[in-house]
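Let me begin by handing over the structure; questions about it come next.
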Amino acid sequence: MSSRDRKAEEMFRCSERERAVFEAGIKMGTIYHQFVGTPADTSNIPALEKAIERSIMVQPFVVSAEVRIEIRRGERKDAYDYVSLRGEMIDAVVKIRIKDTIVTAEMRYLEELDYPLMYVSDISP
Amino acid sequence: MSSRDRKAEEMFRCSERERAVFEAGIKMGTIYHQFVGTPADTSNIPALEKAIERSIMVQPFVVSAEVRIEIRRGERKDAYDYVSLRGEMIDAVVKIRIKDTIVTAEMRYLEELDYPLMYVSDISP
Amino acid sequence: MSSRDRKAEEMFRCSERERAVFEAGIKMGTIYHQFVGTPADTSNIPALEKAIERSIMVQPFVVSAEVRIEIRRGERKDAYDYVSLRGEMIDAVVKIRIKDTIVTAEMRYLEELDYPLMYVSDISP
Amino acid sequence: MSSRDRKAEEMFRCSERERAVFEAGIKMGTIYHQFVGTPADTSNIPALEKAIERSIMVQPFVVSAEVRIEIRRGERKDAYDYVSLRGEMIDAVVKIRIKDTIVTAEMRYLEELDYPLMYVSDISP
């Protein structure tokens, strides 16, 4: 544990488990607000998914990040036939580990909510 | 409680307290990744602070949001003499309330870390 | 003219008029890609419009910036009843001046295109 | 030429050459303001460069896009040892073609300006 890790830890007024959940929330906000707006069609989706995953992996305490983008759009017919990335197009699963706690958080468009919900799907142990 | 609130609640596999902490993390990630990069000098700081606060207030479960930006820059001498907003310039305090739980999260540049740390500073009760 | 202005000018392989048009394009890209994704409902629209205008005014060579956001959304019924800013919601008019050339550029959602078009609406003289 | 192309073209009050320069400016603003803020260390730079290039290629009239990111940072020592992408770290070259006009625009950090300048480096013919 570096001295910076120790200093950071001191700032938190919550349990290790709650801190891991907080970190998971940060990553969800990052995926959404850093990348929503990116020009997208079928040609750049794989590169964009990979770049988002790798960028999230750079943030502290991330064990894994999986991102899938679905743009529900066919062939391009002209120059204007592409989209800007929206939250509803993103499916993400991010795992955070702080010491012994592993938190899984997800972002998923839920039709019943008509909203791309970010939620905690698991905390272990 | 709307049917959407209920549906959303069902998705969470954690306590109310943990959910409130997660929501606080999302807001921190939003402030950082939505607004970092914005052109800034002393002329637009008040408007930018207010817009960030109001935008965060729009997100679910936010009770209050305070944002201060400090750019450590004097008079403009020419067209290129401004900055792009960076995390280190932002101080933020956001309060989240879910039912009876109130979480306070902060973003603050800490010199010892040389890093704009996001942390949970209080959970009540 | 500062030495930085001179150095910058040297880098351009085009006319003053073309440079002014280029600068206008940068500002349009900034409005869109910096702010799309921002949480919005009727409560924060005025603050957001103002912050975008002021931020664009900070960039080089901007004489004026007018931004209007229309979100076509009524009363909020629950926590999820807000939008993320999209290009289609933004109307913007930006004026750039380099020496004697004034360029007006606009961003506007055009129904016939189903696309938020950025275009040059005037160059004077 | 699609009917949307024609409608878009009608909106422009400038020459084909000026329109190509304007489009180049938009792309520069997109690269900067969409991606500045992204978490970065040596592990995700290649994926991020590629995603930016491919995303810009999705926008109208882009013939080619080359992006290089340099973060001047060694080995990671702890969780906080990474950067947020800044304009100064980005080198980009984008080529726009509208009919017979090809515009090359570049973004490059210039030490003499201490600024990541976006400029038009060539217009052909």
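The first chain written gets the first letter, and so on, giving A, B, C and D; residue counts start at 1 in each chain.
Heads up, the rule we're going with is that contacts are C-beta pairs under 8 Å (C-beta built on N, C-alpha and C of every residue); 3 or more make two chains touch, one makes a residue touch a chain.
Treat the numbers as computed from the prediction; the structure is a model and nothing was measured.
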Selected pair, greater C-beta contact count between B-D and A-D: A-D
Separation of chain B from chain D, taking each centre as the mean of its C-alpha atoms, in whole Å: 28
Inter-centroid spacing, chain D versus chain C (mean Cα positions, whole Å): 17
Gap in Å, rounded to a whole number, between the CA centres of chain D and chain A: 24
In chain D, residues with contacts to at least two other chains: 4, 8, 30, 32-34, 37, 80, 113, 115
Touch-based graph of the chains, sorted into line, ring, star, complete or other: complete
Touching residues on chain A, where the partner in the complex is chain D: 2, 4-5, 8, 30, 34-35, 37-41, 43-44, 47-48, 50-61, 77-80, 82
Of chain D, residues touching chain B in the complex: 32-33, 36-37, 80, 84, 86-87, 113-115
Touching residues on chain B, where the partner in the complex is chain A: 3-4, 7-8, 11-14, 17-19, 21-30, 32-34, 105, 110, 112-113, 115, 117-123
